[in-house]
Structure formats: structure tokens, C-alpha cells
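Next come two complexes, and both contain chain A; in the first it sits with chain B, in the second with chain C.
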Partner chain A sequence: MATMKRKWGMAIDLDKCTGCGACSIACMQENNLPMFTDDSDSPKRVTFLDLMRVTNDRDTDKKFGDVETAFIPKMCQQCEGNDPKNPKPPCVSVCPVVATDVGDDGVVSQIWSRCIGCRYCQASCPYEARVFNWWKPDYEGSFKEGLSPDVSVPSRGTVIKCTFCSHIWKRERDRMLAKGVKDINAVLYTPSCASACPTGAIIFGDLNDQASEVSRLAKDKRAFRLVHTIDDKPEEEKKRLMAIKHYPNPKVYYLSSKQWIKDMQKFK
Partner chain B sequence: MEILNQIKDEWNAAKTACLNGITGAMKFCKDEWNGYTRNIKITLLVLFGLVGLFIIFGIQILGWGLGYTDMSNLYPFGQWIIGDLGLVGLGGGAFTMGFFLYILRVDKLKPLINSTVLIGFMCYLFTLVFLVFDIGQPLRAWFGYAYPNWGHGLMPQSMLTEVVWCLTFYFCVLIIELVPLPLEHPVLQKFPFIHGLTHYMHKLMWIMAAAGTFLSFFHQGSLGGGMWGVLYGKVVWYRPAYFFTAIVAATAGGTAFMALCAYIAGKVMKKEVVPWDSFQTLAQISGVLTIFAFLFQAWHVYMQATHFVPAFDRSFLDIWGGYYGIWMVVLMFAAYIGAIVLLNVGALRSQERFFVAGISCGVGAISFDKMIVVLHGSSTPNFPWKSFAGYNPTIQEWGIFLGGLATMILIYMLFAKYFPLFPHLNKHGHGEEHAH
Partner chain C sequence: MKRTLILIFLPFLVVLPFSYVISEKACGSLMSFHAKKPIPFNHKSHITKYGAANCETCHGYYENGRFKGLPTVGECKACHTDNDAGKTPEQARSKPFFANYKDGDRPWEAFAKQPDLVYFSHMAVMKNEKQARCSSCHGLKEDSMTTAKIKGKMPMGQCMDCHTALKISNACMVCHD
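So, the complex of A and B:
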């Protein structure tokens, strides 16, 4: 059996993101997510990829014309805790029925049909990335006929989450296996949000592969992680803080050339 | 033909017996109802009305889901979880009393023990009931036993796994502790076997008290504090030693709650249900425990302000804004101080009004603590561009919550009327003259 070499990660270039929402729509379709009549900004909506709108007028009194807006596509950040060799995402250890786990490829999984809907994982998630099916899933018109057979259809009363579309990887691996390729590390894939992005703002790949674009972007000067201010601290201070508690240490990186977006990651 | 006639006769006899039974039951209920005062009648109507809402909304929530609540993806825990934490915390008085009576042999607490065991049992029963409503897939509730998250070691990995198992075991202990109470009914006591059984159960109850204390230490800590303290991604909740605070707070607030319930029962029944001495002893115990609970809470606030919140790169005062912010913390500490002063100063505690105020403060302190945990924990924003969230329970949530509490009160009333909930009443001829 081949040893897993991959560690999937993502880099999202906010300078390229136009906020069109194609990633969110593609994600909903790929993962069989329900769409309700009014799903615009409801805190009960079921979506893996949320487009958060931020503006630069939080700290200063900007006038009309000077206000800048940015959209931050936010999905599960696939946290791993302080020690990447022994990943401890905040949501995994809390599940009372082992409905969620972290794989050796670094992806935090969720088994729809094992979940009892206690929402403890949802409470533990610092990125509000997990969603609960408050209602029985509803599909408008002929949408139901286009459901993907690779993903479980969510049922009412369960928590579901983004898995970096790991079912696509499984599908690709099966396809390669049929061709006689047995090494799982030989197969790469692209999640639906990255495929759908018209400006190529979402880059997905293997963080263990130093030559991959995502690895290069993660080390870019413009890179930062969502509300992960420990990254900016000196090494000594970082060590001291990590002795106090775990940090999410997410595998999704954001890139921006605008300082105000990075400043926005800190609470006042 | 003869057989048919025989069947007909037997059918008629059964019908008559049935009708007589129904008529008798209706007459009994009517006589009972007419025997009540106006105030009791109004109370009963309100309580039964709430139980009706509990049933209607219970069917709606179980059948159509949690969409009818005001909980959301931003606010995953709501009123029922406050109820769970509060009931288990206040029900903690049961194991504390059991420990003091059966292990430390504080015999003055004996007149309170039946009432305490019943309240403890109901607190845990309704915690489980609220949990069933709160989980999205009630039919999968057994997954907690079938697929527990034990992790790799002996200790459970998920605090909720620990809660599920410990709560179940302790609930079994409470059932065993409760059994002698209905069996002590004078009618049943005429049977020598039942008489002997209750006698020996009382003799051996220290084993249950010890088991209960052992189990309660774990789940009081895990549900009340550990469950929240391990959430390292959440600034309000992350308090690693909150586990121990929850245990001490439950012993303090729980004992105050047991005293308060028995006191209210005495007031409603207009009888001395428990000797004043017993109330004083329990209040004294509660007062001392409240000092420890206060010290633990104060230490936590200090640790949060100086260690944990700065580790999130946030300021302590900043996280205590919003609807359920600093004012609730102040109120909780005020209740703690009230309970400490009123229950520990003998001159104050011995006066009835200060005694009542003291135990109410004890109950209030632990209730506020649980409300802060649930309401404020979810309310605090995770992203700097978001504001504090609000939560406004829907009528379905209120109906189930208040209906559950109303059912508890009705069961308590039933036991107080028909079973020896307060043995002191039988010993001292109802003691109307000593009513407090």
C-alpha cells in the first residue's frame, strides 16, 4: 500500500477575486446542497462556501468613493492544530460519535449518515465553516435530477461541511486504477470551486510538493491566513503562545496586496 | 348458544366494571379538584397548559425539525442547552447531599433526602429529554453508545461522549435511589417484602451515594466546564481548567436549589415539611461551597484576562460586549457574593428572609454562569468584521422549555401529595404550628 504523500491546500488570490460567486454555486451543485427560496443571507442557509464581504471603513471614517470592498471566499479551512504530524482540528476531537475525522491527506472529513446533529463541532469551529441542515433539503425545479451520485444527499438534522471535494479525487483515483495506476499519489484533482473560478483566483494543490503553485503562493509575501494573527509574531512569542494553546493552523491561504485586508484580520 | 350467552354476560360484566372504574376515577378527580384552593387551581391550569404546549411543539420539532427554532449556523446552541446545563448543574445538589448524608453522615439532612433524590432524578431525566429535542437526529441518539469517540487511550476523546456515558450511569444510580420513595407509601409498606426491601436499600444506599459522587464528579465537570474549555478555537469558551469550576459550582448551586425547592414546597403546602435545623445545615454547607465556587470563578476570570484571551490576540473587555456581555458576569458575581454573605453569616442565615435570599442567590449564580456559557459563547464574533449575534428563542423553544419545567413541577407536586416526599410530616403530625 502506497504511503500518502499529499497534503491538500488552497491559495485564494483576493486581488483576482471579483466576488462573482461562481465558486459558491459550483460548490452547491457539486455537493448536492439544497437551495431554498430565500437563501440570500440567512444564517440557516446550507452552503460550504460563503462569500464574506469586507470593507476598509471599519477603523477610519471613509467617505463615499474612498471605500474599498473585497470578497473573501471562505470554506472549511482544514485546520491541523499546532503539530502537523499529529493533526488536531478543533472540530474532530469533540464529535461524540466519530462522524468526523482528519485523513492522512490533511482533509477533515464528515460522514453525513453517522452524524447525530448535536452541533458540537459547529460550536467548536472558529471559521463558522460547518453548516447544519435546519430544514429538510429542498431542490427547486429539476435540480434534483442533476444530483451527483458521488456525494451523499444531506438529510435534515445533520452537520455537513466542505471536504475539498475529496470525492472528485476518489473518482479520479478510480479512473486511474482502471487504467492500472495503483499509486494514489500519482493522481491530482481540482475541487469544483477552483474549477469554476473565472479569474483563476482559487489555486488548489499539494502543500507537501514544494514545486506546486499552491506551495509557492503559500510562501508569497502577500499571503496570510484568516484571523490567524499568530503568523505575524516573532518565533519566540509564537512558541510561547503555542505552549498555552493549540492554534487552528489552517491549510487555506489568502493573498492580497492591500494592507487594509490584512489589518482587518485583527480585532480592534 | 350457551357459550354465546356466557360471553355476552362476561362482556357486560366487564363493560360495567370498566364504566364503574371510569366513573370512580372521574369522581375522584372531581373531588380532588374541588378540594383545591383557587390559587392551586390556577397554578394547575397554567402548568397543564404548558404541558400541552410541550406536547404540541414537541411533535412539531421531532417531526419537522429544528428549523422552527431561532438557533442557526451562527448560534448552534440555544435555550435547551442552557436548560441542560442548568438542570444538571442544579441537579448536582443530589450527589452532594447523598455524599454528605450517606458518606459523611450529616444526619440532619435526612428530612431533605427524598425530595432531593426526586429533584435530581427529574433534572437528569429532563436533561435527557431536552437533549433528544436538541439533536438533529433523535433516532440516532443511540450512536453515542454504539460508536463512542474514545480516541486512542482510556479517557474519552470527546467530552460529549463522556457526558453521554456518565449521565446514563448516574441516571441509573438515581433510579435506584428513587425506588424506595414510592415503595415507602403506607399501603405498600404493609407487605413485609417491600418493607424489608426499602429498609435494606436505605442501609446500602451509601454505595449508591459513593457511586453517584464518583460519576457526578466527571459529568458535572465535563458538561458544565470541560465541554467548553477544550474549544481552543473559541475565545470565550477556551478555559482549560473550567472542568473543576463546574464541579464546585454545581455542588454549591445544587445544594442551594435543593433547599429552595423544599422551602417553596413547604410554603405552598403551608406545613413544616423540613425542620428549620435541616435547612440551616444545608444552607451552611451551600454557603461554604459557594466560597470555593466564587474563588474558582474569580481565578478563571483572572486567567482569561491575563492568559487565554491575549493568546487569541484579543482584549478581554472587547470580548465581553454584545447583548450578553459584562453585565451578566457582574450579575453572576453579585449573586455569588450575595450567597456567600447571607449563607455564611449565622446571624443572617438564621433569619428566614435572608436565608431565602441567600439560597436564591446561590441558584441564581449557577444559572447565570450557564447562561453566560451558552449565550455569550455563540454571540461573540469570530471575524473582526462581524458584530455580536443575538438570539431570540421562538415560541416552540419556549413551549418545550417551560413545558418541561412544568412537567417537573407537576411530578414533584404529585409525589408531595401521595408519597412520603417529606418524612418529617408523618413523624410530627404535619407540624402546621411550626410553619416557616
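So, the complex of A and C:
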């Protein structure tokens, strides 16, 4: 098998996002996540993709008409740590049972059957992207008949998270193999959130491929990453900081033309 | 002294048989120990006598790369046609036990069963640059003359040994999701 050269990443255009929540619903349906009766903005919500609503109404200089609202679809940011060649996301280094690991394509895996439910990874995650299964999955109505056979239904008491729909990649790989294409770098796919987005705000692709749209958007002027303060520091300061501290270095980029969203990402 | 010993070990004596029965039942259903094989089948004669080219004649793939698994009655009837008149001795005879089944039924259940959390793809293992043999997981089915189980357990270590030996990635996400 050829070695994996892809590095999957995502770019989300917040200017295009309308906050419809189709990505969240598509994610839950694709990954066999149940919807519970108290499924609101509660912190115990079991979901991979959280649609955060952010607003600048707490900025003191904003008048009545200036208040704006934006939606940030937040899933696992697939961190790779300081060194991309030796990826060490914060969650992987704390897991005592090697239930979470970085795959060859840079996607952080989470194997719930190996998870003992200690929730160290959940505490170490800077983005709160990991969720703990507090309840046994309870499917309403005929939802259970539509479960995806490619994804296992996680058990109660384990941590789960978004894996960029890695089962879709495996499905596409099988389809390519059936056609006779044996190169795994030829396999391209789209996670369910990106394919469900009606405005095309979520772009998924290969960050190693310089021609791909996602690597173009990652270098865009509007691009930023969630609470990643090291990004706008000068190069030497970056090196000095990275020598003394671990940074998550996520692979999900957000694009926004609004300055207040970028200001939110900095600690005051 | 004797009484104390009995009292100490009594809970174990009571619980152990129960836990054995429970685990036996659970493992049996999880690992498909008691798969139903209602119709006898002879792998060896199908391959040697009737000239089935390879395993894929009956255990093939769908167009999208999914493994078909055990054949349906309809697929059996493609060779074992109902009308016997005018058949040469080399052609397959009609089988009366198929009368109770519809064409879409799968009479046999498989011994080989992967847990829910494994994304095992026959296509990825059998049709890739480095190919596995059917017998490395299923046993020598082409020599078997019954439907009895030859090789049951498929522990993860066996998969990982092969992957290590062939220098295929052993990252968790290669097989799990």
C-alpha cells in the first residue's frame, strides 16, 4: 500500500454561514448520534459538530445598531501539535489507554471500545470538541432504521468525537479499488457536514496539495484559527514560544471579514 | 475450619457457573459460534468437480466495492436451474431444498463476523497491491466437505501481525472508525 500523502483539513467561511444548522443535523445522522429530549445548548450534549452562536453585544463601544451575530460550526479541529511530522495533539498525549491516536492522514482517531471513560482528553481539549456519552443512545421513532452500518453506535461511558467522517474515506477507497485504482492518494471524499452545507461555507480538502481550494483558503487574509494566539506573532517569537510550550496547531481554518470575531480569539 | 472454607468459597461456586453461562451465550452471539447452516454444502466438490473458478464465483463483490458475503438462493439457482430436462451430466442439477426459499433469501449464516466497530473491507484486503489469502482468516475452505467451522476466532493481533509484516500502516483508523 502506498504511503499516505494527504493531510485532510477544512476551511469554514463564516461570512457565508447562515447558521441553519444543516451541518450539525447531517453530522448526527451520518455518525449515528441520537438526539435526546433535552438537546439544547446544554454542555452535556452529545454531538460532534456544535454550532456556536457568538455575538459582540458585550463590547462596550457597540451601539444598538452595531450588534452583530455570527455562527461558528465547531467540530474536532484535528490538531497536530508543534511538529507536524511528529504530531502530538493535546488529547493524544494524555490518553492512558491509547484510545486516541493520529492517523496517517493527520486525522485524530477515537476508538470508543478502547476508551475507559476517564475524560482526560476531554479536559485537555482546548476546543471542547470531545463529548462524553452520558446516556445510552436512545433513538426516536424510526431513526434507528436509518442508522449507518459503517459507523458503530458508541456505548455509554465513552468519549467520542468527530473524525472527519473517516468511514466515508474508507467507503470511497473501496469504490476506487473496485474500479481498479490502488493508489490511496487518489481517493478524495467529502464529510457529511461539508456536503450538507447549502451555502458552500464548509470546504474540505487536502492541505498538503498546494492547488486545492482548502490550502488556498488557509493562506487567505481573512483566515484564522480558533483561539490560536500564536498565529499573528512574528516568526522568531513563534519559535521561542513553541520551544517552551505545546500549541495545538489545528487543521480547521475559519474565514471571517469581521474584526470582532478575530478579536474574540485573543485573550484580553 | 471446613465450614469456614465452604462459606468463603460458596459465593464463587454459585456465581462461576452463572457467569460462565452468561459469557458463553454473549460470546457465542458476538462471535457467531452457532451460525445456522440449514443446507449442507460441499466446497471441495464445487471447486474440483463443477469447476467454480475461484471463491469470487459465489462470494463476489457489489459494484461499489462491497463484499457480497454468502450467496443468495437466486445466485445458487443461476447454475442449479429448476428444469433438469436436457441437461448434460456436467451441468448442475436442480435442488429440491431450494423450493422453500425465495430468490433473495440467504439460507446460511456466516461464522466469520467482525465486531460493529471494525470497518473491515474485503476489497481493501483482497484487491490491493498486497493481497491476503482467503484461507488466512477463514481456514482452508476449499478443502472442506461440510459446513463445519474451520477457523473461528479473528483476533485483532492477527490483523496487526499481517500489517506489520507487510509494512502496512497499523494506525487505529485504518480499520476502526
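In this section, the second predicted complex is superposed on the first by the 266 of 268 C-alpha atoms of A that agree within 3 Å, B and C clash if a C-alpha of one lies under 4 Å from a C-alpha of the other, contacts with A are read in each partner's own complex, and residues count from 1 in each chain.
Just so we're on the same page, a residue touches a chain if its C-beta (ideal position, glycine included) is under 8 Å from a C-beta of that chain, and two chains touch if they have at least 3 such contacts.
All figures in this text were calculated on a predicted structure; none of them were measured in a lab.
**Student:** In the superposed model on chain A, is it clash or fit for chain B and chain C?
**Tutor:** Overlaying the two complexes on chain A (C-alpha atoms) leaves chain C and chain B fitting together cleanly.
**Student:** Answer with first, second, both or neither: which of chain B and chain C does A:A178 touch in the superposed model?
**Tutor:** Touch partner of A:A178: chain C, not chain B.
**Student:** May I ask you to decide whether A:T18 touches chain B, chain C, both, or neither, giving the answer as first, second, both or neither?
**Tutor:** Neither: A:T18 stays clear of chain B and chain C.
**Student:** Does chain B (first) or chain C (second) touch A:C125, or do both, or does neither?
**Tutor:** Touch status of A:C125: first partner only.
**Student:** Is A:V151 touching the first partner chain B, the second partner chain C, both, or neither of them?
**Tutor:** second
**Student:** Check whether A:M4 is in contact with chain B, with chain C, with both or with neither, and answer first, second, both or neither.
**Tutor:** Second partner only, chain C.
**Student:** Under the stated touch criterion, which partner chain does A:K136 make contact with: chain B (first), chain C (second), both, or neither?
**Tutor:** In the superposed model, A:K136 contacts chain B only, not chain C.
**Student:** For A:G103, using the defined touch cut-off, is the partner it touches chain B, chain C, both, or neither? Pick first, second, both or neither.
**Tutor:** Touch partner of A:G103: chain C, not chain B.
**Student:** Compare chain B and chain C by how many residues of chain A each one touches, and report the one with more.
**Tutor:** B
**Student:** What is the contact status of A:S166 with respect to chain B (first) and chain C (second): first, second, both, or neither?
**Tutor:** After superposing on A, A:S166 lies in contact with chain C but is clear of chain B.
**Student:** Can you give the closest approach of chain B to chain C, taken over C-alpha atoms and in whole Å, for the superposition?
**Tutor:** 11 Å.
**Student:** Residues on chain A in contact with chain B in one complex and with chain C in the other?
**Tutor:** Shared contact residues on chain A: 114.
**Student:** Provide the residue numbers of chain C that touch chain A in the complex, in ascending order.
**Tutor:** Interface residues on chain C, with respect to chain A: 61, 63-66, 115-117, 119, 121, 123-124, 127-130, 168-169, 171-174, 176-177.
**Student:** What residues of chain B sit close enough to touch chain A in their complex?
**Tutor:** Listed in rising order, the residues of chain B that touch chain A are 64-67, 71-77, 134-137, 140-141, 143-144, 147-149, 151, 157-161, 163-164, 227, 230-234, 237-238, 240, 307-308, 311, 313-315, 318, 377-378, 382-385.
**Student:** Which residues of chain A touch chain C once you look at their complex with the stated criterion?
**Tutor:** Per the touch definition, chain A meets chain C at residues 1-2, 4, 101-104, 107, 109, 111-114, 150-153, 163, 166-167, 170-171, 173-178, 182.
**Student:** Using the touch rule from the top, collect the residues of chain A that touch chain B in their complex.
**Tutor:** For this pair, the touching residues of chain A are 42-45, 52, 54-55, 58, 79, 90, 93-98, 114-120, 122-128, 130-136, 155-159, 226-227, 229-230, 241, 244-248, 264-268.
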